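As written, the chain order gives the labels A, B, C, D and E, with residue 1 at the start of each chain.
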Amino acid sequence: MITAILTRVGYALVSLFVITNYGLLLIGSMARISAKVQGRVGQPVWQPYLDIIKSTAKRNSISHGVMFYLGPVFRLAGGVGTYLFIPAVFGSALFRNFSDSGDLLLVMYFIFFGQLGMALGASEGGHPYSAIGVSRGLAQMTAFEVPFALSVIAVAIQYKTLDITAIVAAQQGGFLHWTVATNPVAVVAALIAFLGMSMHNPFSVVIAPQEIPIGPPTEYQSNLLGMLQTNRAIFNGAKLVLYMNLFFGGATSLPVMVIKTFLIYFINVFVGQAFPRLRVDQSIRFFLGAPTVIGVAGVIIALL
Amino acid sequence: MSDKHSIPGPLANEGLPLAERGLFCDAPPRQYQRANKITEAFWNWARAQSLWILGFGTGCGAIELRPLMTSRFDMYRYGIQPRPTPRQSSVFVIGGYASVKTLKRIVRSYEQMMGPKFVVALGSCTINGGMYWDSYNTIKRIDQYIPVDVYIAGCMPRPEALLAGFQELKRIIRAGRGEGQNEYARKFEWYKANQKQVIKDWNMPDYNW
Amino acid sequence: MMRRYLVGLILIGLAFALFPLLRQAGVAEAPGPLASAYLENSADDFGAANVVTAIVVSYRGFDTLGEVAVLFAATAGVGTLLTRRRLGKAVPPPGRQGGTEVLETASRLLAGLLIMFGAYIFIHGHLTPGGGFQGGVVVAVALLLGLLAKPDAQVSHRVMTTLESLSGAVYVGLGLLGIVLAGGFLDPRALPLGVVGQLFSAGSIPLIYSMIGLKVGAELSGIIDALKGDRS
Amino acid sequence: MKLAAILVHLNPVAIPGALLILIGLWGILARQNLFKIAVAFSILGTGVNLVILSVGYIRGRTAPILDGEAAVASMTDPVPQALVLTAIVIGLAVTALLLSYAVRLRSGGGGSSIEVHGDEKW
Amino acid sequence: MVNPLYLFAASLAAAFLLPLVDKLGRRASLALVYLVGLAWLAAAVSWLLALVQGGVAQDFGTAGFMAPLAIVLRVGLLEAAGVLAVAAVGLLSAAAMHASLRQAPAGGAMAFLMLLMGLCGVILTRDLFNLFVFLEISAIATYSLIGFDDRRPALRSAFKYMLAGGIASALYLIGVIYVYRFGDTLNLDLAIRAPGLAGAAGNAALFFLLAALLVELKPFPANGWALDVYQTAHPGLAAMLSGASATALLLALWKLLPLFGTAHLVIIAGSGLATFLAGNLAGARQRYTRRMLGYSSVAQIGLAMAVLALGTLFKLGSELFLLAVAGGFVLNHLLAKTGLFLLSAAFEQAGLTDAAGVDGVDVVDTVDDAAGASAAAQPARRLSPLALAVAGGLVLALVGLPPFPGFWAKWQLVQALADRSRWWLIGLILGGSLVEAFYMLRWLGRLVAARGAAPVPTLRLGAGLLGPAVAAVALAGLGVLSGVFGLTGALDPKAGSTLASLAGEPWLWAPWAVAAVLFLLDWLPGWLKGLLALGAVAAFAWLVQDRLDGLRQIFAIMLLGGGGLFIVAALRKPGSRGGLHPLLAMVTLSLGAVLLAETRLGFFFAWETMTLSSWLLVRRGQASRQPALSYIVFGLGGAFLLMVGLAAGGFDSAGAWPSGALASWPFLLALVGILVKAGALGLHVWLPGAYAEADDESSGLLSASLSKAAVFGLFALVLSRGIPGSLSISLGAIGGPWLWRALGWVGLATALAGALYAVWQEDIKKTLAWSSMGQIGYIILAFALMDQAGWTASLYLAFNHFLYKSMLFLAVAGVIQRVGTRNMYEMGGLIKKMPVSFLTVLMAIIALSGVPPLTGFGGKWLLYSSLIAKGWYLEAAVAFFASGVAFLYLYRLIHSIFLGQPKLNQSGVREAPLALIAPQLLLMGVLMALSVFPKLLLDPILEITSRVFPPTLGFSGDALVSPLGYWNGTLTMIVTGGVFALCLLWLVINLRNSQGVRQFNIVFAGERPLRPETTHYAWRFFEPYRQAVGGLVRSRAERFWVLVGGGVSAVGGALRRLYTGNGQTYALHVVMYVVVLYLVMGVVL
């Protein structure tokens, strides 16, 4: 019993370690790719590591209160938890994580755990821009969740389950079994939602760095910031893994996972480089418009 | 307001109305211990590789910062990037002359940065007043008000000079000489006195956390 | 103008409602069973020659009592409404135009006669047409005449009230006597019936009718007096 | 011919009564003056009384008084006569009160027209 | 039995002698009046006793003869009751008029005696002409009395009255003489059998008789004169007219009823209904109290008329039944209206007059200028609690709320009409009642003074309150009797409870009993009352626990437990907090009663009790006048719908809802009725105001517990009495699955709209109110799924909503108490001052938003799983959107209150009092326990739902498994906890030299913030969101209801215009009315 538990915890830690490093490198390489797009050399791929170390190495920090402290903890726990509730690699005991805690719905809702905690922590900072950022973020979130939910429903209809492992299992057997092949419309909706979810351009008004200096984390610094940066890597990874599982046939091994998630993320960066930023009300209207229609179409296709 | 907050300290935010004093932290800045040598060296290396700029466009020099972000100069490749908030920045670039009005903001922003923090003084005006040396409204030497790590002379210095200055800063940091924060804490009374001498309408707290 | 047309229309409607009733009622050929019963029994029952009186005072005496009460209530109302204070007349206006000499003289002459005639009518109510009400009215006319002649004259309110109250009370008392001595409330058989057609007959009917006469006279006088508007 | 039959059948007391009722109502509904309305009420009352009497009316019969000569069989219906007495007195009472109220209303200012005494409404 | 003639003799003798007695002083004359009144009262009582003990009705002849020769009086049960009522009202009125009678000439007292006697005569006589005489006696006495204290408006209206009355008596005379002509008798009993009256001629004669009687009963539109009289006469007299006079006339109508044929009955019924509707509609527009009471009076009499006629027309039941129902209405009206007029007399005597009025007489303009909010002309005064209770009792009785007689009568009537499928009649009657309830309750609401800062002097009513109090007590007593023994039981215990009663369900009276006791103890200190109330609730729970099974047990925890919590919360403020504890206890127990009800009547009784008591609770709030009004109007409207539905069956052991096409819509009505209480979209207009404006602990009770009673109502409709077993309605029966799908969409729309509205509120309690509405929407949605998973979700959501909404309201109550405002943007940064409250809110919003690992996620999981499994995909997506929106307002709530910038003026704020903290801690504990062990709650729920539907959900180990997926709450909790601890550890290890800073130590572009107010981003927090999606929720529902209200009001206004104030026009109305009736009769014939 104890061994079983320890094994699982150990596996989870390993899995976590892998996704953290992968996530950091992914961010670094994407920054580099962006730089190439802009005709620059760009920062080193390992720059995210340096930034985190730098933040962690700050000699002092300030705190606005308990919730301010706990904000990054919530955020990181949210990211880590989200990841841990998703089976990262199909059929792998090592990367199975704690996916037996719940199905897709749990993952979808656990995403909010970190966001909520972070929003609260940022708010305690007392900075108006934090609150403005949160208000924008939440407002935008309600909108992009709609196409996402629709595509998830389409998936649920198609595979008659909400169990992620089962969804991945159903997609095994080649490209033509992937959701992206069987129901591309739903996947389009989900990918548009993903743009909003990762707050890249054109949906980056939440953290608009100059207008409301970086939004919610305005007051965060030192190790608190470091945790947020770490979370960004893990959380990104978790979301990518989720998308991969739902729409791109999952992964049977780590390299497959790396390739697939890299490509999914690449779409994201690609769009981000090509489009300017939208105002928050514009992006809400956008998500409730075409993407929602696409999502509904996806559901209908799944029903056919 | 509890008693704790109404006892005046040495400076005790006395420039503020009584009601507002409780709104600001009244702990003075202090000097921080360095970690053990190896750790500190590692950290300094990381700090040097990840310079986050608080670009403070106090004067004309700020315009020379912008080209650094462009593909021609691309400061990102040196691990340098702009950051919108002092809380997260480690390098304070003071661009050009500092009028009395902006000094107030410079001081506050500087004090709000987390240590270790470094200051790059950009342009002649920050060194000796430059062409504004006899102006009634600018200060002559910025280092009388906050500690400066690197001066980049010129009116205006070119982006290349800036890059050179940042390289110099990196060297200083790696060498463990970027101790402006502790310096400021050590000579806090002196800096504060200088600041107050210039800024007549002092409506700020004395400790800008 | 619209209103007049509307009223006309509505009255035509009412006529439309009323006319069939009149037509169907037509003229009776003979009294109905109830009327016949009254006609045939009243003499035997109460010894009253005047069947109407028998009905009014006895069979349906309760109605009559109510009727007196109605008049009484009206008197009370009129008396309450029309006091000098309420009419806003502090003092009776001096020097009001009196009646003509003819009127004064005639009224003086007639007053006693009228009162006597009134009394006659109500005392003979069970024998001849007429009765308490008619008699009472005639009595009140005497007063009216007097007031026409001398508008400023004050009627003795106290006498009037006392008369009214006592006659009413006696009426009720006579009714109760009916319960005690005879078959029921207002049963005139409380007193001996006597012979039909004589003055002292029909039990307490003449007494009751006299009381009614007195009361009605007093009440009507009261109303007239009150309408004059100078009661205190 | 038929009309004649109807007319013959009609009660000679009731018809004027009904007419008086209508006239009285006309006065009540169309006259403005408080006192005239009171008078109209009297007319209405008279009409009603006539209608009451008409019910007891039987052609060719006498008053229901037993004075030896008149046979019971030749008497009219006494009941309406008894009833009308009550009706008359009640009518009188109402008239008296109406007049009193009219006097009070006029004396309080506002004149004798009923239209001005309509402050309470809606 | 005492011969009534003695009493007549006595009355008359007294009246005749009064002028003489008056010489001894007015005191003596008045004593005489009281004496006579008492004599009548005593006689009536003796008759009643004799009759009840087995006596039979007895006739009393006059002049030694009986009918047909002589006039006959009859003393029967109804007559005795009528005389009792008249005498009682007479005595009360006389007392109210005492002062005026003393000052006026003696004629006043005489006329009063006459009136009293006249009315008794009207009741007792069996002779048609004698009836006329007595009608005239009372009429002329009334004419005299109206003017007796010489107020000019009264004089005017007396004249108008006389015109109408004169015409009526002329009509009556015509009628009676032709009845004599054709029927050859004046005796009623003989006339009924008279063959001559059966034909067309008899019909016409009877028509005139009837028309006159109807005119006296003040039918629409021939009742302008009556309204003027009610408005202007001495209120004591108005009481006499509205109460006693109307009763006597109705009894007269009842006596004559056998004379009439179908055509006449149709006229009576139609006229009565028209009067009822028109009177109420016009009444809704009244500004003057007494005129408004007049309209109500007219309407009530119309209703009683209609009931009498309808009962005979449709053969609604035995004569006894009819008497019980009509009698219930009449009695209710009689006492309530008497009391209210007397109350207005007392107001007037206490000097509550509009001094600026012409002639100083436009008195007691209480609709606008009640004791509370006074006009500029007079200083504000407030009513004493006793006066308020009396006024409340009277108005509530009038409106037909339990436990007053009107409630039982209405129930019986609706039941009887429903049995004969006369739905449109039910609609008319209930519609009119609702309008009446609206304006009467509005008036009552205005009597309650706003609890302003400055203490307001109490209005001294003194002895004037006696009459109203007697009326109120009598009403309550009769009502309770009717409830316990059935209506007829109250009338005649021997007859037994042939009608439905609550005899079998004594516990339904618990709310009333406890409230009564606690109100009597209201002088005690607050804490003691709180403990008593708590004890009462606990005792109730203990006593009834055996009667509750699975489903109802779960609801009992929510309803009674919630009530207990909020009673504890009520201890938060020192002082007596008058009225709060009794009401809280009453609401709580009424919720319990809803659960316990076993019969339809019992359920409806409990439902109305709940509506009523919660309304009182809402009205106790500070600025709750308008919200409380809309709360009660919607509450009653919903209750009426429910009543119609229940009348058709389905609730109690009598069995399932009738099947078949027609039978389905009573169920729908009941459903809609319950949805009103649940606040479903479109029917929710009352909700935000009521929840927001009630006292803070009361809001919590309403939102957390009372709304669950509505949820229970849903279950109880579908499961008989909410006992899990087979469904009482076939799912396919009513519109097939589409009904449930539509219900689901209603729930969904409610959820979405509730969430969106909540987003844009500035008022913290409004936010919570809208949030409640939204959450109930989910519950309805899940309920509508009609399968095991859906119901499980529904119950689970309901319980969770109870938990976290209680927590939120408790915490918010503390915040409001400490901060003194409800505007969120005026707060901020309270986390440091009120950490426990913050923690509560934090846990509550995590739970509410459905974020794992707290229980809320279970609800979301169940909801989406069941929606998707059922195939309601679009619904699932919209629900997902709606629950996303919930994040917005939840964040805003916690941010604006607890985070951000503290305000300078709130530096002295402390943590909420223990009375609020303790329940919060308890609830947090429960929440945590349920989060870690979801089985604790889910096991019983699954057990219940599995009994109704084939199970699809079940536990496998710790994991709840659905056909689609699984959820292991315990593991989730462990993982989350572990990860959280790990992250926290990392932070603690790596954090160096942390310096705590203050609120202004923020980055502010090199500047310092100027003021906390300008630095706290809270006002119009989601403005961009409004720009984006605000179009989704324009307040269409409000506009719709405003339109409806406006329409009703406009109709009322238009009807009112008939009453021009011109007496002649009124007379015209009378004649026109008669002509129209005649034509209608012609058509019917």
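We adopt the following convention: contacts are C-beta pairs under 8 Å (C-beta built on N, C-alpha and C of every residue); 3 or more make two chains touch, one makes a residue touch a chain.
Please read all numbers here as calculations on a predicted model, not as lab measurements.
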Apart from chain D, which chains still form joined groups through touching: one piece
Steps needed, at minimum, to go from chain A to chain C via contacts: 2
Starting from the defined contact criterion, work out which chains touch chain A and chain B both, please. E
Chain ID, smallest distance between chain and overall C-alpha centroids: E
Taking each chain's C-alpha mean as its centre, the one farthest from chain C: B
Any idea whether C-D or D-E has more C-beta pairs in contact? C-D
Which chain's centre, taken as the mean of its Cα atoms, is farthest from the centre of chain E? B
Mind checking the centre-to-centre distance between chain B and chain E? Centres are C-alpha means, answer in whole Å. 70
Distance-wise, how many Å sit between the C-alpha centres of chain B and chain D, to the nearest whole number? 112
Could you give the separation in Å between the centres of chain A and chain E, each centre being the mean of its C-alpha atoms? 54
With chain centres defined as C-alpha means, what is the inter-centre distance between chain B and chain C in Å? 117
So which stretches of chain D touch two or more other chains? 21, 25, 29-30, 51, 55, 79, 83, 86, 90, 93-94, 97, 101, 104, 108
Of all residues in chain A, which are in touch with two or more distinct other chains? 58-62, 213, 218-219, 222
Among all residues of chain C, which ones touch two or more of the remaining chains? 3, 7, 10-11, 14, 18, 25, 28, 32, 34-35, 38, 60, 63, 66-67, 70, 73-75, 77-78, 81, 86
Identify every two-chain combination in which the chains touch. A-B, A-E, B-E, C-D, C-E, D-E
Residues of chain C defined as touching chain E within the complex: 3, 6-7, 10-11, 13-14, 16-18, 20-21, 24-25, 28, 32-35, 37-38, 41, 45, 58-63, 65-67, 69-70, 72-81, 83, 86, 161-162, 164-169, 171-173, 175-176, 178-179, 182-189, 215
If you look only at chain A, which of its residues touch chain B in the complex? 31, 35, 38-44, 47, 50-51, 53-55, 57-62, 209-210, 213-214, 217-222, 225
Where on chain D is chain E touching in the complex? 21, 24-25, 28-30, 32, 34, 37, 41, 44-45, 47-48, 51-52, 55, 79-80, 83, 86-87, 90, 93-94, 97-98, 101-102, 104-105, 108, 114-115, 117-122
In the complex, go through chain B and note every residue touching chain E. 1, 19-20, 22-25, 27, 32, 56, 85-87, 102, 104-106, 108-109, 112, 203-205, 208-209
Interfacial residue positions of chain D with respect to chain C in the complex: 6, 9-12, 14-15, 18, 21-22, 25-26, 29-30, 51, 54-59, 63-68, 72, 75-79, 81-83, 85-86, 88-90, 92-94, 96-97, 99-101, 103-104, 107-108
